[in-house]
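Both complexes shown next keep subunit A, but they swap its partner, so subunit B is in the first and subunit C is in the second.
Then we have the complex of A and B:
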């Protein structure tokens, strides 16, 4: 491993959510690193805190959420203590985010090209005409045919796949060094999904942008990510190189997740899938393992104490009492 | 390159007429919209061309006082012998001008404040919403009446008073829209790439709120004619001798008992027609911009 500073480093990040039901720690001491030009998958069920973590990096958390502790460093700079004005300059140029497709990811009343041109006008200070030319170039780069014509279209005139391409063009226009992709292909059909990932890979190759891929789909992670972090109920339970995680999952939750992928060769009994639901973070008490309630290998200590971080080989690490005494 | 080889959906979608043909479709279908357009056209002609065609000075007192309508004095004359048709024509012009300014002022004020508080939120929003609650607790007319009485009555103050009375309505409307837009994905996308706040408010929020804003503006215009006339009728609006529909009707009301029915009734009917025309147009605007409510 090179000693260089990682592009993004999240250290012990905790996020509290304050709603009428009470206060809950939806992200609890999460640490994560993304190096330059690396694709890191952040995997978890709905509500596991993966999107909250991403929004904290953008400093765009919803009003009910607050940072309860930890640090986020982007290229060595402390994101959480930056002024809003500095943060705004950072967004788009250093870090950008694409999310789940819907018609409404683009303003329905503005032409697609004008929306992309805006980025060049804000971040590069270009005039209207050259910004428009650049916008058409961007549309061309994300593989949209007839980019000139599409740039004059309104979002409702495009298909889901084209909208997602246009969104990627918009988000990568200012050449961010980190691209957060929050379920970028949910809602797209499988062929389009493959195309979008091809595009993301190509953008990474061209701009050396790192990608933080947030998803619940283990398949896309296996195919695209260099490293994976598995999240459960606000905790990262296991992280490491994709190959290691998929070949030798250590945490019972990771194992359950992997075995929940249907296989059709009959090599696996169907009942091995995970039972129960993720715990309700609002009623959690104590500092025990948040997976204890569903864990098939639960021990007494799991309910009392937070699982220790166990370092395995090659940067593979797991938070679990099972390995407290080594492997 | 994999992405270049990818087959794409054709861009050439059939284009159906768009908004302008929808406009004609709505008008063709709606008798009340047609009636509104015809009526408003007549009223606008009367207001714009009327004083030029009927060249009698509304301030000159050379007719016999309280003369009933006839060919030379189609609307009769008032107690000073002024030609009432001329006064009414000038009154329509004044009332429409006031109404347009009121509607514009209330729209600009209300939508600016509404977008700001909807976007900024927090305590600013809370404080301003309580203020609008208090203002909305009064009927608009009473509010306009007290503001006009406070400011003193000339044309500018009447416009300001009524516009202020209408502003909270627009603030509420736009703020609600802005709040629901806050969580729209394209706003989030915009913030993600570092868009400044003014850009989000001006380019994303206002355009996406434009339909309800325009519907409300057209309603404001109708309300404003009625309220201007009402204020003037009870003497806190436009003061005589300036020809204004409400104040003419107010002056005439005193002579109803002595048999000079035309003095109050004819200007009164004109007020009804102007307000009716504007309301019909308002409904048509709503049907065109917000088809779901029709």
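Then we have the complex of A and C:
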């Protein structure tokens, strides 16, 4: 689709967090695009702002957080200026989110099948009986055995993998065009994790839904994403096609992250260039690079000025002073 | 008996009795016994690092707790050196606790939030008797530096440390009594990826310098690969495969090991993996036959009839799979019991 608008475009999004300790910019001028049927991985350590960014797209930010600038466009519509009523229609039908803590998302007092049926009643206007039938179909489609029986179960009666599957059934029931998956397999076993990713891949093939995959795990990103954006302390430091990020990482943080994965074949020594912690966003001063304190290649300019955006080939871009004069 | 073994586990079983919900008990439902650990046998030799890998609910943490006598097994035996762990009482038990220490997954939960680091690390020294005050401080500094922290951090509270530093404190506390055997139960699972590799490097370094023996429990195969000489793979309370780490990773024999290995995400977009998938989800009630049979991609009808048993595949590897004999290489059909285990281990 040349020149077509991306399905999701985030431009210079900034989010402030106001808490007892003070105010901090937890997401700082973040830009990101997701095209139709594309899987984009958003990677960062805990506290890097990746979930905040996702919550802003859903317009589900916690009360202490506020948008300090930027735009979010979903299919050309300005998400941040929409009324709450319009937004509610958008959620589920256009964009849906799968959370890590899926047990908390499902209502513990309602049977799983009834919760999925409600989506069909709300978004497709079906009556209770045919909505129930559709719900069982959905459970079957996400690979749950004995879907009829499971549809009568309460969430606590299901295993972690089944819950996550039921949730995917619930969230994709209205065939959203964008699915935000926030650490969808954290806490699940690896053999269940591959099943969940198989399922997401299948759903994407069937519905052409785009997926924004939020994770700290570079392995799942390498296997599932078309493009990757790396976040550190509220900044996107590098983004590009998955292969470029893994084969030619440019930002020192991306390189350090990659070096800190213990290699499976034991080929690498147990050492990493990644040191220390991400900076405390509440005590940041000035507009310097937020990775400067941990960077093995830090220069004086890094602490003073915001790193420039450097465009490389194939939509690979990096924010880093090292490349200010080109590669 | 293999006199060389530091730790010898034979036919170990731990059952938990699940009582039926109140209403069903009135209706006459009997309690169900759940075998968290089922007939597990293995040896750990001095200086060896043995990994136990498996997914949640496979019984690996129950096994760890049995090894340090935090849980009493329902059957089987554990010998540490020449002593039977089950029989230990009083002063002997205290001596055992000095020699066998454990590091848990969650450093926050295993450190007292109101104690300073020096109190936390000093406690085992105090319990196991260190004389003069000056000597104690010296030891604390040595310990804290051994795990890569600074002496001034002795006065911190756990909440003032990062996750990685907290886990270093937990390791320092475990090392305080100079144990011979360290049980590590998911030591890096609660940590960020960037911290994890530094803790792994520390554990590798400590093992080399202190000539420690490790039993490392993890669901993460890359952690096992990085630290262990030998690996035991557990599924639903049973050991399904045993072998040298490199050999098991290069050629997994059991379909479960194969699926586990295939499931690890590889951070390299160019790697194409053989998709080996288990079907469905783990059930709580063990099947009558092979415990993996309902989910196994290679299961034959006969697999559901008989429970699987560990047999020697070569002199260093054991596998519990009915279909292993259909591979080219003929296994030696021996059941792992006291005598057989020794035979199998002796060839190592």
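Everything that follows uses one rule, which is that the second predicted complex is superposed on the first by the 314 of 327 C-alpha atoms of A that agree within 3 Å, B and C clash if a C-alpha of one lies under 4 Å from a C-alpha of the other, contacts with A are read in each partner's own complex, and residues count from 1 in each chain.
Quick note on the criterion: a contact is a pair of C-beta atoms (placed from the backbone, for glycine too) under 8 Å apart; a residue touches a chain by one contact, two chains touch by 3 or more.
Quick caveat: nothing in here was measured; it's all calculated off a predicted structure.
Of the two partner chains placed by superposition, subunit B and subunit C are both touched by A:161. In the superposed pair of complexes, A:277 makes contact with subunit C only, with no contact to subunit B. When both complexes are overlaid on chain A, the residue A:195 reaches subunit B and subunit C alike.
In the superposed model, A:261 lies in contact with subunit C only, and not with subunit B.
In the superposition on chain A, A:46 makes contact with subunit C only, while subunit B stays out of contact range.
Using the contact criterion defined above for the overlaid structures, shared-chain residue A:222 touches subunit C, although it does not reach subunit B.
By the document's definition of touching, of the two partners only subunit B reaches A:119; subunit C does not. After overlaying the two complexes on the shared chain, residue contacts for A:246 are found with subunit C alone; subunit B is out of touch.
Once chain A of one complex is fitted onto chain A of the other, the partner contacts of A:77 are absent, as it touches neither subunit B nor subunit C. Common to the subunit B and subunit C contact sets on subunit A are residues 143, 145, 159, 161-162, 195, 198. Residues 1-4, 6, 8-9, 11, 13, 121-122, 184-186, 188-196, 199, 203-204, 207-208 of subunit B touch subunit A in their complex. Remark: subunit C residues 55-56, 162, 192-194, 196-198, 200-201, 204, 219, 221-223, 225-226, 246, 249, 259-260, 262-271, 275, 277-278, 280-282 touch subunit A in the complex. Across the complex, subunit A meets subunit C through its residues 45-46, 143, 145, 159-162, 189-195, 198, 216-223, 242-243, 246-247, 256-258, 260-266, 270-272, 274, 277. Remark: subunit A residues 58, 60, 63, 88-93, 96-97, 99, 102, 104-110, 118-119, 122-123, 142-146, 149-150, 153, 157, 159, 161-162, 167, 170-171, 173-174, 195, 198-199, 202 touch subunit B in the complex.
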